[in-house]
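Structure, as structure tokens:
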Amino acid sequence: MIIGKVLGNVWATKKDPKLSGRKLLVVRTTGSNGAETIVAVDTIGAGIGEDVLVTKGSVARNSLGDRDSPVDAVIVGIIDTLEVDDKLLE
Amino acid sequence: MIIGKVLGNVWATKKDPKLSGRKLLVVRTTGSNGAETIVAVDTIGAGIGEDVLVTKGSVARNSLGDRDSPVDAVIVGIIDTLEVDDKLLE
Amino acid sequence: MIIGKVLGNVWATKKDPKLSGRKLLVVRTTGSNGAETIVAVDTIGAGIGEDVLVTKGSVARNSLGDRDSPVDAVIVGIIDTLEVDDKLLE
Amino acid sequence: MIIGKVLGNVWATKKDPKLSGRKLLVVRTTGSNGAETIVAVDTIGAGIGEDVLVTKGSVARNSLGDRDSPVDAVIVGIIDTLEVDDKLLE
Amino acid sequence: MIIGKVLGNVWATKKDPKLSGRKLLVVRTTGSNGAETIVAVDTIGAGIGEDVLVTKGSVARNSLGDRDSPVDAVIVGIIDTLEVDDKLLE
């Protein structure tokens, strides 16, 4: 999973019917070279500004209960705490 | 899903028969280091210059109704509005 | 799909038996930071110097008619024309 | 698989129920341009500061014995020794 | 598939039981921005210093005859010759 921050919402009237009713959030992740912005489906109630865990790829659908969904990124958790050993970060 | 802009069309006479009749669009996405150009199948009527949502990977086929298609990128939505909290972008 | 140019051939005597008889081409693609070189299976007769469409990932096998093949990149089309709106490229 | 170092833990109260009870570790991997931080599920008892092997993508679930899990990264080994021929590194 | 050079071995006593007996090799690949180091399973007898083809992702397991293996990278060929048209490389 990757770590990201919810930046906002995306609205799309014209879309694949299998995305109907899905909440689409803009998430900024930190990849190997600075920030990357993706759109992830949210089912757990993530809010703007929150740090989240995002699962990518074909297994993301496991969170949706719909294996026919054309969704490749889903928010699977809202991060409470991220504990990292500072000595390992240098 | 990633966010991209439709730049134009690709034409290929010689191709996998499972791509026959598919509309292939050139989409510029913004990855972690500037722009990246990919080709995505469109089934929802996206036009040149429009901002779109693109699903990548094996689940993209879920939008095509053809699981045997060798397609790894599909346009699944045309973006109306992208609302992002400016304070989170700095 | 990604856009690439066929640069040449790869020969491998010692290989997974499921790759036997497969034509393996070196393809230079343009990713988010300059060129990247991959090896793709060709079944449609792509030639050196031609611009091609390459499908990556698990769905690439759909072009081979062999779901047990350990192949993650296949040439699915030879590009005739790529029409891009110049105003969108700046 | 990729090589990474375990940096710490992630805690998420609000999460996909299929992640309940899973140990989520922050792993720093070295990709093509410096470090990248991901979150991986651990089932083999990896500790902070240890070098680990991480499997990514849909096959990562094979380590969990739960194919319905929305998990795209799992720690599959703790590295004892990494023997590399120095002459090949220049 | 990607092209890489075998740099050495990885040893992991504590690992997913499904990796038991697997030969794990360190492979340096050339991605879009310089070198990237991954660990791939070898079943065809690749040696240190050899140039190899590596299949990544869920289809890599097709080389192992074990679909339950949590393996996302496998060496599928040892490169004898790589013939590239020099005029295309400028």
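Note that the chains take the letters A, B, C, D and E in the order they are written out, and that residue 1 is the start of every chain.
Assume a contact is a pair of C-beta atoms (placed from the backbone, for glycine too) under 8 Å apart; a residue touches a chain by one contact, two chains touch by 3 or more.
Since this is a predicted model, take the numbers as computed values, not measurements.
With each centre defined as the average position of its C-alpha atoms, the distance from subunit D to subunit E rounds to 18 Å.
Measuring from the averaged C-alpha position of subunit C to that of subunit D gives a distance of 30 Å. For subunit A, the set of residues that touch two or more other chains comprises 31-33, 57-58, 60-61. Viewed as a network of touching protein chains, the structure reduces to one closed ring of chains, two contacts apiece.
Begin at subunit A, move on to subunit B, and keep following the contacts round; the order you get is A, B, C, E, D. On the subunit C side of its complex with subunit E, the touching residues are 5, 7-16, 18-19, 24, 26, 28, 31-40, 48-49, 57-58, 60-61, 68-73. Subunit E makes touch with subunit C in their complex at residues 1-3, 30-33, 43-45, 53, 55-63, 74, 76-85, 88-89.
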